[in-house]
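Chain IDs A, B and C follow the sequence of writing; residue 1 opens each chain.
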Amino acid sequence: MRLLVVGGVIAYRALFNWARPSMFVGTLLIGPLFQLLFFAYLGRQLGVADDTFYIVGNAVLSATLACVFGGTIAVSNERRWGTLGHVLLSPRPRTLIFLGRAIPYAGNGLLIAVFTLTAGSLLLGLRIPASALPGLVLTLAVGSLSCACFGLTLGALGLRFRDVWLISNVSLALMMLLTGVNVPAAHLPEWMRVVGGGLPITHAAEAARRLVAGDSLAAAGPALVREVTVGVAYAVVAAVLLKIFEAESRRRASLDTL
Amino acid sequence: MALAIEARALRRTYRTRTGWLNPRRVEIDAVRGVDLDVRRGELFGLLGPNGAGKTTTIKLLNTLLIPTAGSARVCGFDVVTQTREVRRRIGYVFGGDRGLYDRLSALDNLRYFAELYGVPAAAQKRRIGELLELVGLTGRERDRVEGYSRGMRQRLHIARGLLHEPEVLFLDEPSIGVDPVAARELRSTVAGLAATGTTVLLTTHYMAEAEELCDRIAVIAGGEIQALGTADELKHYAQGRRVLEVEAFGVTDAQVQGIAALPGVRAAGVEVIGAGQVLTVASEAAVDVQSDVLRALDGVRLGRVTARQPTLEDAYVAIVNGVDRPSVAVAA
Amino acid sequence: MRLVRLVARGTLLHVKQMSRSQFEIATALFVPLVQATLAVYLFRAGSEPHRMLEAAVGAGMMAVWTSVLFGSGGAIQMQRWQGTLEMLMLSPRPPALLIFPITLATAVTGTYAMVATLLWGGLVYRIPLDIAHPLAFVVSVPAAILGLGMFGLLLASTFVLVPNANAVNNALEYPVWLVSGMLVPITVLPGWTGPIGAALPTTWAARAVRESVTGAGPVWPSLGICLAISAACLVAGAAVMSYVERRARANATLALA
């Protein structure tokens, strides 16, 4: 367990090199907040849904940039900096090492989501019942974590395919559409809803909305469980992909060059 | 006589900040007081070790940098205030493979720069064709630059530098990383340019290149010009010397220092070549240091030992070492 | 005339150079398509299901802004990385004339996304391309592109002066979409944002293009204001650019090392 957290924190500091203070504020805090405002006002203008819908949804979504890119960086930058070989040669269980990588990014995502929710609520005048707060934080944490696991999966793909950043970029844009955060799921075609159901954030956003509406944690529970399931599924996929690609690259001696 | 380049007490200081949490200001004097006169039509060489200030000097002269102090004129125009006039008249080629639009063809690159330099539209096609011919890229001009070898890129750089028929051409280590055959072609191209009256300021690491091409050579080290003259004149710096070369395996720094301190020895240095080393010892012509040197190398496995007359390279080493170690004074 | 020729050739060169980066082109095409889809569903879900074409065109304009923002904001840094900045600066031309073609090129490549969103809308969502004033549309889109390219020069020159311009870049994408009413004019915004929107050429560019599509208003006044503000940006950008060049020569920041 210590390996998981400590290893993760060190890798986080080493690999998250774009997280200089100004970069963090501009890209990860201000950016998502403006995104929230954009969709909230657009929603008001078009009469799609009320502010609460957009504030809560986009707050949950705000963690995606940090988490998905973070997860991708956690794996793919190891290769870029030629440290992948060392990590894979370490006697510790590799799956654990890489899952540990995801945790700090998830923590970062949680921080961003809490900030976005707070700032968005203050700016647009949304009152959240105090009793909902613990549940909300839990929901945001679960959402961030499953997002980071999704990022790990993309990062693992990055070991095999060169244009992983293209995949990450498009994934982020798709999440904006498919998670039902900005377009109410009822208005999306069936297949989009199905795909959205398999993405992180979708269920966390649903749970968060219920909590803000005053429902109990028990009422939000099923959605939360679904989000956890999605996250665990991506973690497993990431682990399997890493194992496959590792075996493959050993066989072809292409660990750092493929 | 008309001067193509004149520099007076040219000085350039870089200010950088190091440290992130606790930033400190560091000032580096890259060029400290360079005086230079290059005549029109001259092929002038600037020799010096890495970090000696060669590139900085060139960038001060070609308007890319503003001097901290001093002044310079190119073709009679001030490099700080009359940049437009200066830029019209100069070409700049630097070594390495950057500085081109990689995803475009040579032709695209040349056409754009021809336009930038105001080559009349009617003359562009002919001029580009001539230059492609000159640098031997005819037939490859429609290929993307990213597929070019280093030598080809270098030649494209030269073609670009010549588009507007500059009066003064700055060549900053053009032969770096270029294979020997290409380097030879490059030298003949440069010699040809000088023959047609273009003033060339060339920096290089290669003594042979400088000796073959340059009318006059300046050796720059520590940001100052240490010596200036024709190649033959520069060899005087090593005159009255004898050079002893010893192939060795495993000479220590302490031994080299010991040899340098021997009576009659002017300078000693070691170069690693392949698996072994070559120890070069310059001494007064009147003193035979060979037996002392071999004694100092007692216990070291030795190869061939040769004594020879000094070359331009020895002169260069003598000049540059004189800067690094003031105790070994340069005798001119 | 030679000036026009120089800018045209420069723009062509930079458009070619940018268009041959597969990664950039793919990102610049896929992401706007997703955004256009999002816009289509938002319009359908909302009270304006009949304004589909506006959604597609608006998403295209959003993509143009993104392209100008990131491309122009990073234009100088990009040339520095390629090692071409010194070569450009060495030519006997005012620096603005060297960088403007680059920012104009970023606006031009942004139109790939506009074409893509219109095609996507037509093929997937059967959005008919019935533009109210086809002629005005054909004129206003390139004019808006030109305007945004001019605005880009101001971005390019000021962003080199801002430490961590990337952070500013990343933060400026949505606010401009929002305040300029790129997708749809937002009347529910707080009043103080009005003057900001009115001062941005993006607002008038989006408005002119929209008016040509819907026929809701005369196109030419909006387009005129867009170009007037853009021209002012071009002049300001040129002045900043000259200052930047001199500063770079003094501080030795033209080269990478």
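A few remarks follow.
Please note the rule applied: a contact is a pair of C-beta atoms (placed from the backbone, for glycine too) under 8 Å apart; a residue touches a chain by one contact, two chains touch by 3 or more.
No experiment lies behind these values; they were computed from the predicted model shown.
Of all chains shown, the one whose average CA position lies nearest the global CA mean is C. Centroid distances from chain A, each centroid being the mean of CA atoms, peak for B. With centres defined as mean CA coordinates, chain C is found 30 Å away from chain A. Remark: chain B and chain C have CA centroids separated by 44 Å (rounded to whole angstrom). Put simply, the C-alpha centre of chain A and that of chain B have 53 angstrom between them.
Put simply, chain A touches chain C in their complex at residues 20, 22-23, 25-27, 30-31, 34-35, 37-38, 41-49, 163, 165-166, 169-170, 173-174, 176-177, 182-184, 187-188. On chain C, the positions that touch chain B within their shared complex are 2, 5-6, 9-10, 13, 16-17, 20-21, 82-84, 86-93, 98, 246, 249-252, 254-255. Residues 14-15, 62-66, 83-85, 87-88, 90, 92, 96, 98-104, 108, 111-113, 115-118, 121, 144, 160 of chain B are the ones that touch chain C when the two sit in their complex. By the touch criterion given at the top, residues 22-23, 26-27, 30-31, 34-35, 37-38, 41-48, 163-164, 166-171, 173-175, 177-178, 183-184, 186-189 of chain C touch chain A in their complex.
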